[in-house]
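Here chain A shows up in two complexes: once beside chain B, once beside chain C.
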Partner chain A sequence: MMNVEIKEVPATQNAVILRFSGELNSESIGEICSSFEKLESEEKKFAIADMTGVSLISSAALGEFMGARKRFVEKGGDLVFAKMKMDIRTKLNLMGATKIFRVFSDIRSALNAYKWQVERNPEVLHLKFPSYLEVVPPLRQLISRIAKLKGYSNKDSFRIETIVDEVCNNAVEHGKQGVDQKIDLKMSIDPQKIELDVVNMSDPEKMDSLKALLKPRNGAQGETSDSKRGRGLALIKMLTDELTVDCSEKGTSVHIKKVREE
Partner chain B sequence: MESQIDLVYEDIRGKVNAKLIRFIGDLDATNVETVLEKVCSLFNEGIRDLVADFKKLRYVNSTGLGILLHFSKSAKEKGGSFKIANINENVYEIIEIIGATSLLEIYDELDEAIAALE
Partner chain C sequence: MNLNFPYNVELRFPGDLEYIPAIRKFVSELLQVSGFSQKFAYRSEIIVDEICNNAVSYGCTGENPEIELICSLFSDRIEFTIKDQGGDKINVEKLHAALKTADLNKVEEINRGLGLEIVRMLSESLDVAIDKNNLTSVHVVRKREDI
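Showing the complex of A and B:
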């Protein structure tokens, strides 16, 4: 015996939760099929199958889910699973279905996937870290991994890692340093682009070196200098699509936009 | 804490004043001074030619690139050379963007770099 309850998701235009319970077997195919047809007639794009109360799913029932998923994907959406019992998830794994379906541990994560994929809402990471060079490597690797997890290519993720590294190193090197001196980093990521805002406190003693750094140079290409430093900003310029540096006696803020290339 | 980087030294057969250095890890602002010190000590010991194997160098930033240019200059001043081989695509792109490909002796394969030693 199977039951399905359809629940609209407030604050979304075309996402819906299907709360299944009981056994999803050949006898329930008709009801599964009509549930999906109803969603399609209402032009829903993204369905989250809440599997909390499901004790069994047969291969025939799974076939219905696959067909429905294909139609959702064709419309730019998806059909995903959430809150699935471990034994059912293991069965889906053995059938190879988890290579096709995304399975989320909770509804919130599934809704985040909807907001990312369909509404293309950016996700934001906001960090404050002490102004020390040693903090930068794990930070740049974290952001690079987030980009990779969000589907950015290895190349794009590497470029993002480089941008974060260079901009944070400059913030440490040309700003106030120490445990009490915090650098503020905000990253906003969506399927098309990453934006970064990095703010640090100015060090009055380093204002001259900062101004020298910001003076127009002969670009990165055509490098002739054998100096060990001073190439970071040029590298950032070449890797980003937008770069704004706002420098004052109080602090320096850098805004960067990097459009996804691959 | 510094980023992890290991430098593994090997002799090059038939080349008394040369060393092969395998770079393993990330070269960035946190460890350039350590790397600089280690490589400069080789020059001070009389090594003139260095061949750097970058096969396992995952990452380099502008500061790291700065010391590579410094090694190249130092080697030339001593009548030797600093040759780099096996650069991964991402690291190569950074060197290219900085415009340093013409300032560094870059080889696709390690054998080619070693064969180019005078």
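Showing the complex of A and C:
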């Protein structure tokens, strides 16, 4: 016998949790169907099926879920599973259903997915690291992995990695050195764009060379060893949609915006 | 290698389980570029995975929870400090229970706190502080084995 309890999610307009329990089989299809119809009539976009208490799901019942998911997706939302027992999840795997449905280990992760997908809330990562070149490769790989995790393509993720590498290398090379010198990196990511802010203390002895790098490059000039040094910044400008650099004796602050391409 | 010990790297990331694989990989790579062995880096990765999972699972309530992880690298060890914003009463009690050394012959104790047992096995010290607002801070020290 099946039971379903519908629970509103506080502070969200479009998300709802359906707590299922018992056996989801052909006898429960009517009730499953009417639960989803109720949500659709209330114009809910995102449903989280809490499967903690579910002991069985038949292919007929799964078919109802698939139909409901299709309708949610057409409205820009989704139907996801959460807190599924391992044997049920294995069964869904064998049926190929995990290629269609996202399955979260807890409700919070499912709600985060809602906030990301429907409300388009940005997620923020902060890093503070010392001014050492050695730290830059792990850091750019971290940013790239997070971009891929959030659904950015390999191409976009690699371009973001390139941007992070250039900006952080510049911060190390042109900033003040020393174990107490920290570089601050803030990444804000949402489904449409990534924004990076990198702040560090400037090295007064390198201010002139840094300001020279920031001057617009004149393509008519032949390449000299000095003009070769500005390539990193030129590369960043090519790869980003916005680049702002604020450079003074107090510190250097770089803001970058990269819009998702794929 | 130009870096000098000790140095700190501080991260703040959303309290969501999906971030943890990327965070632990970052720590592993950071250790390797700092001259620690792959074995040390991998075991430290296991520690980071466990403490981050606990912080997210037991310490994240509220609208937009964040986890703070500080990695302090010394020439002979690494220290991790992880802070969460505080769980609800039930989860804090679960954490207290998990902190007691588990008797691995008792099934219920294994089910309760195996993650922290793994951290204890792999580290030299594990300290947890929970303040009156349930803000939790976990500090782990892992010493280098190859020196």
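Rule of thumb we're sticking to: the second predicted complex is superposed on the first by the 250 of 262 C-alpha atoms of A that agree within 3 Å, B and C clash if a C-alpha of one lies under 4 Å from a C-alpha of the other, contacts with A are read in each partner's own complex, and residues count from 1 in each chain.
In this text, contacts are C-beta pairs under 8 Å (C-beta built on N, C-alpha and C of every residue); 3 or more make two chains touch, one makes a residue touch a chain.
What you are looking at is a predicted structure, and each value in this text was computed from that prediction instead of being measured.
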Partner chain in contact with A:V124 - chain B first, chain C second, else both or neither: second
First, second, both or neither for A:R231, with chain B first and chain C second: first
Touched partner set for A:E134, first chain B, second chain C, both or neither: both
Partner chain in contact with A:E166 - chain B first, chain C second, else both or neither: first
First, second, both or neither for A:V179, with chain B first and chain C second: second
Which of chain B and chain C A:L142 touches, first, second, both or neither: second
Touching partner for A:A11 - first (chain B), second (chain C), both, neither: second
Partner chain(s) touched by A:N112 [first = chain B, second = chain C, both, neither]: second
Where chain A meets both chain C and chain B, residue numbers: 133-134, 137
Sites on chain A touched by chain C in the complex: 11, 105-106, 108-109, 112, 121, 123-130, 132-135, 137-139, 141-142, 145-146, 149, 179
Touching residues on chain C, where the partner in the complex is chain A: 1-4, 6-19, 21-23, 25-26, 29-30, 33-34, 57, 60, 63-64
Residues on chain A engaged by chain B in the complex (per definition of touch): 133-134, 136-137, 154-155, 158-159, 161-162, 165-166, 169, 173, 219-232, 234-235, 238-239
Residue ranges of chain B in contact with chain A within the complex: 1-3, 26, 28-30, 32, 36, 59, 61-63, 65-67, 69-70, 72-73, 89-90, 93-94, 97-100, 103
